[in-house]
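Each of the next two complexes has subunit A plus one other chain: subunit B in the first, subunit C in the second.
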Partner chain A sequence: MELTISRAEILALLPAAILFFTGLMQLFLDLGKSSANTRSEKTHLAMIGVTGILLALASLFIQGVEPSSGALYAGAMTDDLFGRMGAGVIIITALFCSLMAGGYLASSGNNRAEFHSLICFSGGAMVLLCQATNLISIFVAIETLSLAVYVLAGYFKNHQASSEGAFKYFVLGAFSSGFLLLGMAFVYGASGGSISLADIAASATHDDTLFAVGTFLMVIGFGFKVGAVPFHSWVPDVYQGAPVLSVGWMAVAVKSASFFALFRFVLFTGGGQILAQILAAIAVVTMLLGNLAALNQLSLKRMLAYSGIAHTGYLLIPLVLAVSGSGAIAGASIPFYLISYAVTTLAAFGVIVAISVATDRDDVQDLNGLARTRPLLALGFTVALLSLAGVPLTSGFIGKLMIFSDAIEGGFLHLALIGIVASLISIYYYLRPVVAMWFKEPSTSFDLIPASWGVQFTVAVCAIATVALGLFPDWLVNLSKLSVHAILG
Partner chain B sequence: MDTNLLWIVLLPFLGFLINGLLGRKLGHKTVSVIACLLPVLSFVVSYAAWSRLVDGANALHWNGFPWIWLEGTLEVPFALHFDGLAAVMCLVITGVGSVIHLYSIGYMKGDPGYHRYFSYLNLFTAFMLLLVLADNLLLMFIGWEGVGLCSYLLIGFWYEDDANCAAGKKAFIVNRIGDLAFLIGMFVCLQHFGSLDISMLTSAEEITRVSAETLTFPWGAASVVTTIAVLLFIGATGKSAQIPLFVWLPDAMAGPTPVSALIHAATMVTSGVYLCCRLMPLFEASPAAMGLIAAVGACTALLAAFIAFTQNDIKKVLAYSTISQLGYMFFAVGMGAFSAALFHLVTHAFFKALLFLGSGSVIHAMHHEQDMRKMGGLRNRLPFTHITFLIGTLAIAGVPPLAGFFSKDEILFAGFQQGFLNAVGSAQLFWLISFLTAGMTAFYMIRCVAMTFWGESHVEESLERNVHEPGGWIGFALFVLAIASALGGFLNVPEFLGGHASLGHFTGLHHSTSDLSVDQLRSLHVSEWQSMLLSVLIAGSGLMLGIHCYGKGRDLRTSFNDSSAGKALGRLSASKFYVDEIYDRIFVRPFETLSHLLFILIDRIIIDGILVNGLALLTRSTGNVFRRIQTGYIPGYLLTFGCGVLVLIFILLNFLREGGAQ
Partner chain C sequence: MIPEFDSFNLPILSLIVLTPALVALVLCLVDRNNRALIRQLALMGSFLTLLFSLLMVANFDSNLGTMQLEEQHSWIESLGISYHLGVDGISILLVLLTCFTMPFVFLSTWAAIGDRVKEFHIALLLLQTGMVGAFVSLDLILFYLYYEAMLIPMYLIIGIWGGKERIYAALKFFIFTMVGSLLMFLGILYLYNHAGTFDLPVLMERLRTTHPLGSDQQLWLFLAFTLSFAIKVPLFPLHTWLPDAHVQAPTAGSVVLAGVLLKMGTYGLLRFAIPLFPEAAFDLQSMMAWLAIIGIVFGACMALVQNDIKKLIAYSSVSHLGFVVLACFIPNLEALTGAILQMVNHGLSTGMLFLMIGIIYERRHTRELADYGGICKVVPIFTIFFLLAVLSSIGLPGLNGFVGEFLLLYGVFSSVPLWGCLATTGVLLGALYMLNMVKKFLFGPLVHEENHHIEDLNTRELIYLIPFVVMMVWLGLYPAPFIKMVQPTLTLYVEMLQN
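Moving on to the complex of A and B:
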């Protein structure tokens, strides 16, 4: 058999390949220097990381904005707009995480190459996951990124909570991978032995029990990664224990990549009304539980963990629509919402990184009077929280508006109503930090180390992007629609 | 396309932004410079635009940008229009406005809210100019609401005092009632004219087309044009303090005195008159509405003048006088003499601003004492204020050749012409009313002068030693406005006195007399002479009677007390016809009772008790339950996970079997 690799195939692999290579470079260059800890000694790590990530980002644009969507590598992956949007979210998130990593790690005495390179490795795997179009490549990508993220979660190996969180994550993750794999096996069987999504879509019938159960088990596997109820129990513990930056990375990149892959899968295969109903139930429970459990959280990280669960719930609504066959309606909201969620959450985590560097804690009380000591950080955090709550003029509002109006259009009025009620509840806990920052007296022990410029840059850019997307969402909405319609053909 | 027009509005707005945002840090001097310079610049720009009109240019227009744009149904541009009428208004607003800004530097010196005051004042100027320059009703409404807002903010400027806040709220709410009618009027315009552009609403063809249409109400049919005119006029009664919505203006005197001069005498309250002039063809097309306007105007003029007889607060006298003079303007509008209405608007802006600023000078010198019974004899202490105040008084009384003489004479003649030359019965009555009011005006104004400046001093001794003429900007402002009040009448000297009625021609509101024959013109001029002599006579008798009654320091009520009829009349005037009390009984109290009931039932019990607190309790307790489930043990998590999967798969299979069975 003759193996030829086309130009398109090389280009498709380029972003992931650059990321993997960057990670390797960082590891090699840090050999023998792992004991050094200050920021200046490790600047090269961040420099390499940022350069590599920027190159990866640039490589997304090589073919212009209308990449081919044909099957590459014998149907293992594709290089369409949808995949590139996913890759874009992940690479930009990686960029901000790398920018913040140096200062954060140095302050906790753990500034080693592993963290930087694990971001790049898992980032590469996520890019592949967004592009994957057969069961094998999906599984390989998801396992590669999971392994890297397990390590990231337990990166502070001397912290008990960090190690405990990582262990829980690993055990439960292995458990869920089992479901994913079993689901894939069922789907493989039900579709008569095909692994490519296109072939599965062609041969699958929704009435087939084997196929329905298989699809559902696969959804469970992904549902674990994105923290859907009842597969969410790891989220709060891991978020609280793991290093803040790893949490930010997990909250944004892992969730985005999983949703991009899951959505591509259900767009291809569908699933039928029954599966849609069950997913709708999961969405309802996830939205409600996420928001209700967040109400009484005083730890910022835990609060954001539950808020992340709630946002998973909102994101499941377009998924339900896609499963029920209304993917064309729901399409645009997924890429848009994930991009909006990415910039918003990054802004929020930027501030939490600054707080935890300064105080090593993450209570809402630690924010008291932040507006007086560091008004710009407080402003950025406020914008992020308002966007998470879905207040108009922010991207979060547009995202929710799209999801809820799509739900109504697709015939799932009750999902939209519950989503709106859940959003209302969420305003309560999103406003608590805002009140603390702007209306409380600074606590006397509050002594914030000046946030590193990486953090400031991240918060500023992401907050501005949040507002900008809230004011001028048109171009991104259109791009999102274009990407989904390209998949549906 | 003239972008300069935008600057007329933008400059004062800029002042508002700078002083509003940074005023606290800028210091009084910088604040004053910014606040006064920008309206002056706006005046300069207006003047430049005006001189282009004088040179024969057509109306200037700034096309702006599409503002509210629903293709085919509602297309409203943000556009400005500068014609003769707008030019006169702009010059009055920025001219008198600038003088009052300068006056305020002296008057507000040392006030803790100094920058706040000036930022509001600049904002007001900007909104007022927007109102005047707006090319369509909706944009005008923005200005209309904006000046209302500023009026509210400035009436309640000293918000520490509850009474001031209440006055502000009263002004705002009463205005809202009028605004509602304005809004409905706009809706009717939109429905029948299909546009809110003023050029459309005043075009002859459009009005002819629309005047054929009628609207059916429960009480009968009315023509569309009349409906629109009446609705807009009701809006105008709110802003311009006419019956039945005049009650807010006397209370509005709670604000700083320069505010009363600018907003509640010279500019904002005249915007109703401006609205009528702006839409002259529309109003002229509805004789019914014109009759109503004339009636309301004449009655308001009489009522307010009568109440002014017995007021002892110097600002209240001026407030009722303002209401009365606004009534004159509306009377003129109702008589079809739009040019006279605008002329009186301009001269009134001069002399009423002068009177208010003069009273402010007195109040300032008296350390915020406003009761005229505690004044008297201030002529010696405040000679300059006395002279200027006297000029203002003579001007408003209509003594030739001061400003008020020309404008009031023109209005009275308009009534005379309608009533006797055209033999309209109702107009005769209204003319008589306004004729009497002219005498009453002279009377109560001379009473005000006498009680304040003449006779024996009733000032407390400790205070009296400190009373002295405020100099600086206050004196300057009085000087400028005194000149304007003395000479303002020459802007529009009527033709029979050898003038050219230039203001009327310039604004295009004047009805041409060129189609009259020489004989007709001569007989018209003869009646104009007659009317003028009559009005000088009545003004003179009012003044003489006032000097007779108060010159010796007597109070009208004490001399009236001899007769029971006089006593009753005096009491009626002093009680302001119980209008406030009647409104309180009919509208305010039932409304309050109802809203209190709803507050208890719906807000306290249903919303707060059940919905808010109940739901909050429910959500919080559920949240706590969820938090407890999170134990932190892996086996527990695995159990949730596994059970969840099992239950869901069970449901899935169950459904699938049912689906398969069907």
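Moving on to the complex of A and C:
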């Protein structure tokens, strides 16, 4: 095999490479300094992080985006539109997380470079995951990002809940990697020894039990990462225990990257009708259980954990369609929904960061009267919650419209019906914080919630993006369609 | 005559829909302590909208029964959604009613709302955009957007500025309405998948010709749409949210709720549920009619035993809108004309009743009938206006209620005499509970000391009540121009249903 690297290959690797490099730089610069360092030095660190992330973002646009690109690095990765959309989501999420990290970490007294650099490391791995096109690179990327995220979950090492959550996440995550690897082995065997997705798609037949079981095991592996029922049990505990910012990062970036990779795999290979039926059942249970369990959560983080499970359920609907061979129908909804979910969830987590900095808690009642003390934060949070609930004029509505419409078109009317019932249930708990913010009077214990510049910026930009995508989604829908159709060929 | 401005090609409907939203945007920039400016701006905005709606009437050709003043632009092409507005005989009076009511609603809040004035006005303006938008949308998704967009401001209005139990009432209102609209949303998506368009005229054409629905599909889709509208109306037995919402809502909220929002349900039946799925509507005609009749009688009986005036009027709305629903399912010209006129009449008379209850509540802070009695001597002008509204609501000849009620009952009777007879009992009961309420409220001995010194109507209140009275008398004595606007459309509509 020749060892020459083409320009396209370098460019494809550039965003991830910049992120890794940024992470390293931050680590070295903070070497030997105590966490009690002056604020300005830490700001310095955050600045480097933001600059690096912006560079990574810019590197996505150095070369004009082609809907599809040839195999790079001997088929290990690609640089197509689908992958770049995934990379874009992750890098932008990393940007907002870094912007919020400074103020958040300073207030928690744990202001070290690790947090920044772990975001960059896991972000780089996620970008690779979105671009990976063979089993090995998928596995390596997913393990790299997992290691970094385990640490992020347990970042507050003196907090019992944080450590406990991280441990739980680690054990179950390692377990799920086992499933993933076993599934990959089966698929490898069933396809006559090929690791590249294109080769697998060419040689695998859906009637082959080995292949179907392998695909199912891989889906289980990913199912842990995205929190699909019944592999969701870690989600609420980890979300509640881990630092808010890590949770935001997990909820948005880990889930997006996993879904991008899973969709790419399924779009390539399909899976057959039996697998589609099993996945449909998982989707139904995930949507219903996620929403029902969220109903009586009083902690915002736990509520968003279950709501995240519910959204995984909605996202499984296009997955079912793709597995059953109607990927062309489900195409556009996948990247669109993930992007919409990312901006919406970031806006929500921005507010929760502000709340937990101010009160060290995250109960719904801590939001009481926020509309009086911080009207703009309250407005941003309201937009986010309404978008998560799928209320019109928000991007969440367009996303659900696409998913349910696709489900009907693909012949899964019952999935659309259950999805709608599930979103109906969700309205109840999404409204609870809205009620607290707008209808209740502020408690006397604190007058004003301080919100760092980063938090305000994040909430404002993400809330505006949520509404803008709800009003003018056309370009993104077309882009999503284009990206998926390019994969399907 | 008002000159024709159509040569300028003004997008009149868009102006009517978007002006309130634009004013709301402007209000966002105004200092929250400058209440006078906020109030004046909102009032001017709503008067401007009223002006535009008169312009719409001037450009509306009453001889045509088709969609007029249409505007169509591509919007979300990739999902087949377009910005398509239009107005015809079914919607024009409702648009007019909305634009007519809003300025006076704003005027009525000047004394009642003192807390978070800015937010209140923004919510009301956005509500107006939602209501008018829903009446003139000809794209199913666009309609759904406006239909839902009304929900949030109304939810906030009840939840923030409402009474003691406001949070419960607001949540109940939101969840009831959302249940219906999400099922309708599923129906809309199903229709899109079936016929490939969200555009209402195109969709109707395709359902009739190239993409007919099977009878099972019709039935389920009809139920999905009708459930949503029946909750909005509200049709018995889905009415339980209404008394709570009305009692807890501030005056302005009640007026808009009763005056306009409830009509969204009956309008939806006439515009979407029945013409899109005529066979299913025909199959379920008697079920819907019986529910409506039960609603008429039940609402009236409940109104008879209420002690809270607002709750009484709320139940009377259940009864009155039962008539309208009944008539919607009778495909003849008289019944349908009566239905549309009754929607307008109910908006005027109930709107005015709620305004006046708000006025007396501001002075006495109670709505219990037992706390009043004999106040006709203290507040004579108030009494005259209140009696006018009550008589209009009962359907006294010479006032607006009579014309609509007569046409409606005549239409129902000529089609199914039994239903006509049963519905007529609602009219009798209506007179009973209304006059009973007037007796306890205004007449009799003046027993309570506090009631000796109630201030009578002031100028501002007169200003916003007189237009209602003018419209009541106009519609009662000379309804011809209004009927003329409605009937060409309904003639075509009835023809279409009979095929």
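The rule is simple: the second predicted complex is superposed on the first by the 478 of 489 C-alpha atoms of A that agree within 3 Å, B and C clash if a C-alpha of one lies under 4 Å from a C-alpha of the other, contacts with A are read in each partner's own complex, and residues count from 1 in each chain.
The rule is short, and it goes like this: a contact is a pair of C-beta atoms (placed from the backbone, for glycine too) under 8 Å apart; a residue touches a chain by one contact, two chains touch by 3 or more.
Computed from a prediction, not measured in an experiment: that's the story for all the values here.
Novice: Sharing subunit A, do subunit B and subunit C clash or fit in the superposition?
Specialist: Result for subunit B and subunit C: clash.
Novice: What is the contact status of A:Val266 with respect to subunit B (first) and subunit C (second): first, second, both, or neither?
Specialist: Neither subunit B nor subunit C is touched by A:Val266.
Novice: Thinking of the overlay built on chain A, is A:Cys120 touched by subunit B (first), by subunit C (second), by both, or by neither?
Specialist: neither
Novice: Using the touch definition from the top, say if A:Lys481 reaches subunit B (first), subunit C (second), both or neither.
Specialist: The answer is second: A:Lys481 touches subunit C but not subunit B.
Novice: Which of the two partners, first being subunit B and second being subunit C, lies in contact with A:Ser423: first, second, both, or neither?
Specialist: Once the two structures are laid over each other on A, A:Ser423 reaches subunit C alone.
Novice: Does the superposition put A:Pro473 against subunit B (first), subunit C (second), both, or neither?
Specialist: A:Pro473: touches subunit C, not subunit B.
Novice: Between 167-175, 365-373 or 473-481, which run of subunit C pushes into subunit B after the superposition?
Specialist: 473-481
Novice: Provide the residue numbers of subunit B that touch subunit A in the complex, in ascending order.
Specialist: 619-620, 622-624, 626-627, 630, 632, 634, 636-638, 640-641, 643-645, 648-649, 651-653, 655-656, 659-660
Novice: Flag every residue of subunit A that touches subunit B in the complex, lowest number first.
Specialist: For subunit A paired with subunit B, touching residues are 167-168, 171-172, 175-176, 179, 207, 209, 212-213, 216-217, 220, 224, 229-231, 233-234, 236-237, 274-275, 277-278, 282, 289, 292-297, 425.
Novice: Give the list of subunit C residues in touch with subunit A in this complex.
Specialist: These residues of subunit C touch subunit A: 75-79, 141, 144-145, 148-149, 151-152, 156, 159-160, 166-167, 170-171, 174-175, 178-179, 182-183, 185-186, 189-190, 192-193.
Novice: List the residues on subunit A that touch subunit C in their complex, please.
Specialist: Going by the criterion above, the answer is residues 332, 386, 391-393, 398, 401-402, 404-405, 408-409, 413, 416-417, 420-421, 423-424, 427-428, 431, 435, 438-439, 472-474, 477-478, 481.
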